[in-house]
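This structure is in structure tokens; I'll ask about it shortly.
All chains are identified by letter, namely A, B, C and D, in their written order; residue positions are counted from 1 within each chain.
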């Protein structure tokens, strides 16, 4: 897509009178053209959330100056804030195991330039997809994960991620539990697709659990990874209808379709800076 | 709807060669015209499920004779079976509290003769809907439920249900926990609508639980009531999308729409003898 | 719901720099507390759309003064604008024929005070629902529509609507074509529920058309009524899955469920001033 | 999936008493074990449809003998019928142009052996995907389509399809109109994914048409290709919600997700012999 370059401002702060006025004045006084704006005032928590897309060329200065001049406003309101530049493609490191559905889906979107990303590399605990990944011109790193040397494996993963300047790590059905210290090193940067409609069926083999309970819909959940397993902030979810004739293997097969769709949507929200987390939940400005 | 009179046979038994052949031979040899047929062979449990709709006028005998002649076949195959007559309207006793959405929905369907039922009475622990119910010509019974006299209250409910020849009891957001002995007296006859996508958020205030967890879809579950709270066989479920801007009260409001829709569908499946339970799960031949 | 009193401002105007800044400054300088804000800049048409909810008690003046003081801003930007007061319940006149599903659904929502409306009367071309409506304490007007005296009938309908101070007229499966002069008298005030997923299957018997074409989903459309039949701006739509076993009568039955749900959602958006029309389309700030 | 080998019988014929009895007797008398059975009696057309899956090893003879012995029964009832063998992978020739989403999706499913198919080759009017396809070990044929030599191009396509023993031709966003003589040569063998919820928005640029009309959902349709453009029997459809903020390019992007999902489901139904066409409609035994 040939969208014009934009700066994206997202912020949250305690709610009070005048936030929108102050921020939009600042933008307007610099002649900034806003193409998209979203606000959310959360009555229960008393917190305010905001996201703006501003045409980069409409401002008389660059992103660094924008940040400098916005900082005093942010301080006044006690904002947690972030400004990104659509011209800088985010660097997404993809982690896979032996299931292909999410990987192919992400590669197709990358090939179509749908997500405005670079994939500096793919990391896997199996060699299965080396050929496919390398055909796309993307480096492939095989990092086996053995019970006796997990710490070394994840040290290696973090090293590769850092060396590649990763912005986001996507667990595309990676099937391994990420150690707490790694979760804490990259807060809000690791995205997982869980194969159940959380909080139902946490843990292993959720489709078998779903079959045993006799539910009539199964789902998938895209969430940030935190040190508490399957408990991170939920970004996106969806479900698909099943019936009595579906065996656990059928649920696995249907599940793949919903997993890759939910991961792609959740990832896009995050990449476009549409997600703000607070209190283990997400505001998603779609 | 002016559908021709049909007999509905539903059965389950251990799977083996020849079940369909034997049953369909029996029907065909009596010149029976089958308008709808469904089978399901469950590979995991080795159990076979079947449902047939047969034009009543195509058979040379009445339903009693049909049952007599079918009994030996059922014995041979070890079937659990049931034959019903579409000309006999099932008697549905509706239990309500102070929320109107499911009650209005059921009354509209009854008024349109959509469900092929009689509602011999409505029972409530509040007087709120006496006028509405009685305007429809349906008797209304006020049975208060106090902590100190619950046993008496449910004895009264069971008495009313029995005196009215109830086939099905529908908990249309009744908001009271049915005592185990009542669940056991009417197995597979009490249908509840639970305001969450089970097994998520069992127990009280599920919409508040859902809001606290930050899920992106909420749901409702229609299930048979058993003595284990919220654990009975699931008949039907559905979900609706929410987002960060929805407060718990919004979830309650959206939830009503999905609750009444799911209850109506689940109830219809049961009334049309489309549901067969086995091993705390349901086969639903839609 | 016991929401605090709010003033709702909705507007549209040609897009340019400074709209949000000017409007939010105006609100903030009067100490107004914004509880909900939505913007949309339509790149294709170059038009800007905005909706604000402001706590009434946070402003130092009443709605009339608010309108007076906002008018010069609106003039500067060439705005089409509207300010409403949540404390003033909108008056919804419901038009029905002989189908009950939408009527019961609206009455249930009215009874639960879910829509924040008054229903000053129901108008019908049949006597069918007089008793039900009057039981709710709502006046019922029987206005038959005969081919030879349609003009008189609609003159009567408009007279009743005006006498009752109607804000919105809802065609709740009214099944009659509204004459052009009536459509033009109440632009953006008449809401219809059409029993197909427009633009598919315009005109009569859409479910039979859908069955004949063999589609796998059927739908319903809530739209504003204009003098061009089934062509007005679409407010809300939804679909439901069907299959080969569903006959036209089944589609009619399923369709009712989707019709009443879509009508209720579309009507709520309109009642809460969430809908802005432009160029025969709608912006819906959900 | 390691499912046991099955023979799949599908048939349709005028409805009458005794069809199921006769067919199931035939299977049972040969000790055949039925794993899945579906029937449909269409009241409007008076036609009966049936599909059986039988464990191959439970029968005392091979598929040829099965066909021979079944033929007299088929003749008696005037059946249109077909018996296939799950052990014989169907040969699916994929036609693509320059959009990747459906191609990647099909390759991922093929790679996971989810569809039980062989892809003997991919044909395209562009060279874009040669490398990707050949990396999978699948031959790639570049057949340009020029206005002045369309007949030659399609002659070449048919030649390739025939030489490769194609069972099914999938137009995976091929974006070219198939000439009538080719449609007629392969009736019920060419499957297309159309990027609208037919019958809405036939012809070119359906997403732009949808945007112009202001619909609130967009969809995709998987259908058999016939000589009448966009009018063939519909196999599967689905929709996705959009809103006013979505520009035509957004609809194109969302549309891709629904297109590939609908194509994959429709294709699977066809490959598993779950689809029977009659009167330009489909019976789909899911």
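Before moving on, here are some points about what is shown:
Keep in mind that, in the parts below, a residue touches a chain if its C-beta (ideal position, glycine included) is under 8 Å from a C-beta of that chain, and two chains touch if they have at least 3 such contacts.
Remember, it's a predicted structure, so these values are computed and weren't measured experimentally.
Both subunit B and subunit C are touched by A, D.
Comparing the CA-atom centres of all chains against that of subunit C, the greatest distance is found for D. Here the CA centre of subunit C is 41 Å from the CA centre of subunit D. Inter-chain spacing, taken between the CA centroids of subunit B and subunit D, is 37 Å. Shared interface positions of subunit A, i.e. residues touching 2 or more other chains, are given as 36, 43, 245.
Put simply, subunit A touches subunit D in their complex at residues 1, 36, 99-101, 103-105, 107-108, 111-112, 114, 131-132, 135, 245, 249, 253, 256-257, 261, 264.
The part of subunit C that touches subunit A in the complex is made up of residues 17-18, 20-22, 24-25, 27-29, 31-39, 41, 43, 58. Those residues of subunit C whose C-beta lies close enough to touch subunit D in the complex are 40, 42-44, 49, 197-201, 213-217, 219, 233-239, 243-245, 247, 280-284, 286.
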